[in-house]
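Two complexes, one shared chain (subunit A), two partners (subunit B, subunit C).
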Partner chain A sequence: MHILGVLLPDNQLVKHALTHFYGIGKKTSQRLCARVQIHDRCRMRNLNQSQVTALTAFLSSPANSPPVAPHVLAAPTYVPPPLSQPVPQPEVAPPVDRLREIKIESDLRRQMRENIAHQRMIGSYVGRRHAMHLPVRGQNTQSNARTARKLNRVERYN
Partner chain B sequence: MAFPTDGSRALKAYGLPTNVLVDYMLLAAPCSVIRQVTVDVLDILDKAASTSSAQTRLAFTGKSGCGKSYLLLQAVQYAVQKDWITLYIPRAINLVNSSTPYVYDPRTQTYGQPAFAQQLLKRFADVNEALIKDMKVQGSYPFEERTIDSTSTLTDLINVGLEYSQQAPTVLNTLLSELAQQTKAPVLLAIDDFQALYNMSLYRDPYYKPVKAYHLSLPRTLLEFASGKQAFKRGAVLGALSMQNTTFRPPLELVEALGLEPAQPSGPYVPREKDLVEYAQGLKNFPVPDQLTVDEAASIFDVWHSAKALHIPRGDETFLSKFTESGGNAREFVKKALLQTVAL
Partner chain C sequence: MWPTAVVQGGRSAWKGPFFVAFPNLKHALENNIAIKTQARACTILPNFIGIRFMVHNGKDYIPVTVTQDMVGHKLGEFAITRKRFTYKQTKNK
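And then the complex of A and B:
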């Protein structure tokens, strides 16, 4: 199925399929599944409409996604109210939600481009190395700088 | 001493534990051996038919491969034959290993597992249809879609869960509390992989904190029956520990409640979780012997030979050598000693 224009194969586990997004790896995808209550062995074809909507809504803009209410879990002595009565909604302060700080796809690429552009603008060593298409982090250049020569640019991550 | 167990609708409906399934698939006429412990368990069940389940809460323990799952199967089949209402969960590990969908229920403040509950309700209805046909519901349960009150039968209650999967966990818990109040037929609650209910589950809450097994709706209900907090007026609760899966080992609280020797650190400075200690109190240890007797092993040997499954001659020498190789352990005797003669 398609989520935000990316084709996620129906047969794959959801926690693996979500890593197809740029900026989501294994850990983030597991946290995302937990946020939307998708179990570990759920495949893309097993998702229901509300879960797909929740995933799409979150991934389209993680920073603006609505905060999730924390689930209060019952102590062994808790007696649930009978079915006829309304359910009490206990107010609990939500813990820190790190998932809203993540960036994916074009936002992430823009951030990385801006970081490199900033390094170039202030005239730093890192900026100069990007401009010269050479390794940035102190690797050997006498041999083995092939990847840096191919990929390091100031306009990288376009 | 082997008795045939095929044609049992309870097992076909509920399914089998994974370790037993292979034997049943290989043998044309699946059977199990009647041992002294089988006779003891069936005696206990006979006495429990008239007493509260709070007095008969057993946990089968023993070495890996000594026959705990098979013993539980025999108890379930006996209960079905004696017209008990049986609820058998062959793989309780599937409740806690994050393999079924889970949904938070703000009313009970636990996570329900609608797909698992719906499947279990269907299987329960298949096996116990005749026994619960005329039982009326004793409480009043106004579900969103339909109201179940004292004019409805238990079958109507189950049908609400079968039709609306989001109500299935609530329906299952309600069904168990209704069964706890009736005295028409004794109830057997049999759980294999019992120790999985005392562990941390693999589920996570929205903030990625791990969820304990007793924060899941069905395991919590099972633990309440196992600890005596809820009890059937007539019946028993049987659990079989499984030593095979190392992700879900019996925790210290359960091991101490059953009086077993702890394999993990157990000094006074090791914390015990108070909730688990409460859920484990009152469980009686029912040890299953590590070794088969020679007669029992001989009848298993006969059964496998009659099924023409083995490539060794049928004689005392081969039998005794295989018996000695496995040291009397039932699983080793069948899987390693006998079935490996077929391996090329």
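And then the complex of A and C:
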């Protein structure tokens, strides 16, 4: 099954298949499943149309997804009002919804490239090391440094 | 799961950023005098913008002009401490 152009294998659990997206790991994938109400052992082929639509809608713009109502737990000292009166709604600020702040695929790659370009532009050590195709965080370079030689570029793509 | 440590730079939020209070900041900005410093770990604050620093790299002082984009970085990031290896042919064998 394809969602937003990414091939998700049909026989995999949804929480594993979602990690095929660049920028979604195991934890984010589990939270994402909980958010769109897909159960833990559900596989990709068992998803119905509305669930696929919900996933696609969320992933296409996480920031614009509808906010989740906060479920406030009562304190141990809470005494419910008598039935004749209306139940007062507690006033709490909704917690920061980190799942709406995720970036995936091209958005995330663009953000990474912008961060490297920023470092390069201001001429910091990190930017220089990226431009020299060398490790950034003090790793040894006497031998190998293979990952850095492969990946570290100013215009980095993965 | 959420990268709070990256946002805070691994430092407790209640401490705020580490910086050195340069006493001659205003004077340096007005007269365009370079501030000579060894405080490489000093965070660049918004009121450092436009000031010229001479940052120690372990051997000598490297000129660094602070711009808007550098705010939040450290002074030491802009004064490299390592020399590129160059092969020099020996004269006497």
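The definition used in the following text is that the second predicted complex is superposed on the first by the 130 of 158 C-alpha atoms of A that agree within 3 Å, B and C clash if a C-alpha of one lies under 4 Å from a C-alpha of the other, contacts with A are read in each partner's own complex, and residues count from 1 in each chain.
To be clear about the criterion, a residue touches a chain if its C-beta (ideal position, glycine included) is under 8 Å from a C-beta of that chain, and two chains touch if they have at least 3 such contacts.
Keep in mind that what you see is a predicted model, and the values were worked out from it rather than measured.
K.L.:
Using the touch definition from the top, say if A:138 reaches subunit B (first), subunit C (second), both or neither.
P.N.:
Neither partner.
K.L.:
Quick one: is A:121 in contact with subunit B, with subunit C, with both, or with neither? Answer first, second, both or neither.
P.N.:
In the superposition, A:121 contacts subunit C only.
K.L.:
Which partner does A:81 contact after superposing on A: first (subunit B), second (subunit C), both, neither?
P.N.:
The first partner, subunit B, only.
K.L.:
By the touch definition at the top of the document, which applies to A:66: first (subunit B), second (subunit C), both, or neither?
P.N.:
In the superposed model, A:66 contacts neither subunit B nor subunit C.
K.L.:
Looking at the overlay, does A:5 come into contact with subunit B only (first), subunit C only (second), both, or neither?
P.N.:
After superposition on chain A, A:5 lies in contact with neither partner.
K.L.:
So, does A:28 touch the first partner subunit B, the second partner subunit C, both, or neither?
P.N.:
After superposing on A, A:28 lies in contact with subunit C but is clear of subunit B.
K.L.:
In the overlay, work out which of subunit B or subunit C sits against more residues of subunit A.
P.N.:
More residues of subunit A are touched by B.
K.L.:
Residue overlap on subunit A between the subunit B contact set and the subunit C contact set?
P.N.:
31.
K.L.:
So in the complex, which bits of subunit A are touching subunit C?
P.N.:
Residues 27-28, 31, 98, 118, 121-126, 128.
K.L.:
Considering the complex alone, what residue numbers of subunit A touch subunit B?
P.N.:
By the definition above, subunit A touches subunit B via 30-31, 34-37, 39-42, 46, 68, 70-76, 78, 80-81, 83-84, 87, 89, 94-95, 97.
K.L.:
Report the residues of subunit B in contact with subunit A in the complex, numbered from low to high.
P.N.:
My answer: residues 97-104, 106-111, 141-143, 170, 202-208, 211-212, 214-215, 220, 275, 278-279.
K.L.:
Under the touch definition given earlier, write down the residues of subunit C that touch subunit A in their complex.
P.N.:
Residue positions touching the partner: 1-2, 67, 69-70, 73, 76-78, 80.
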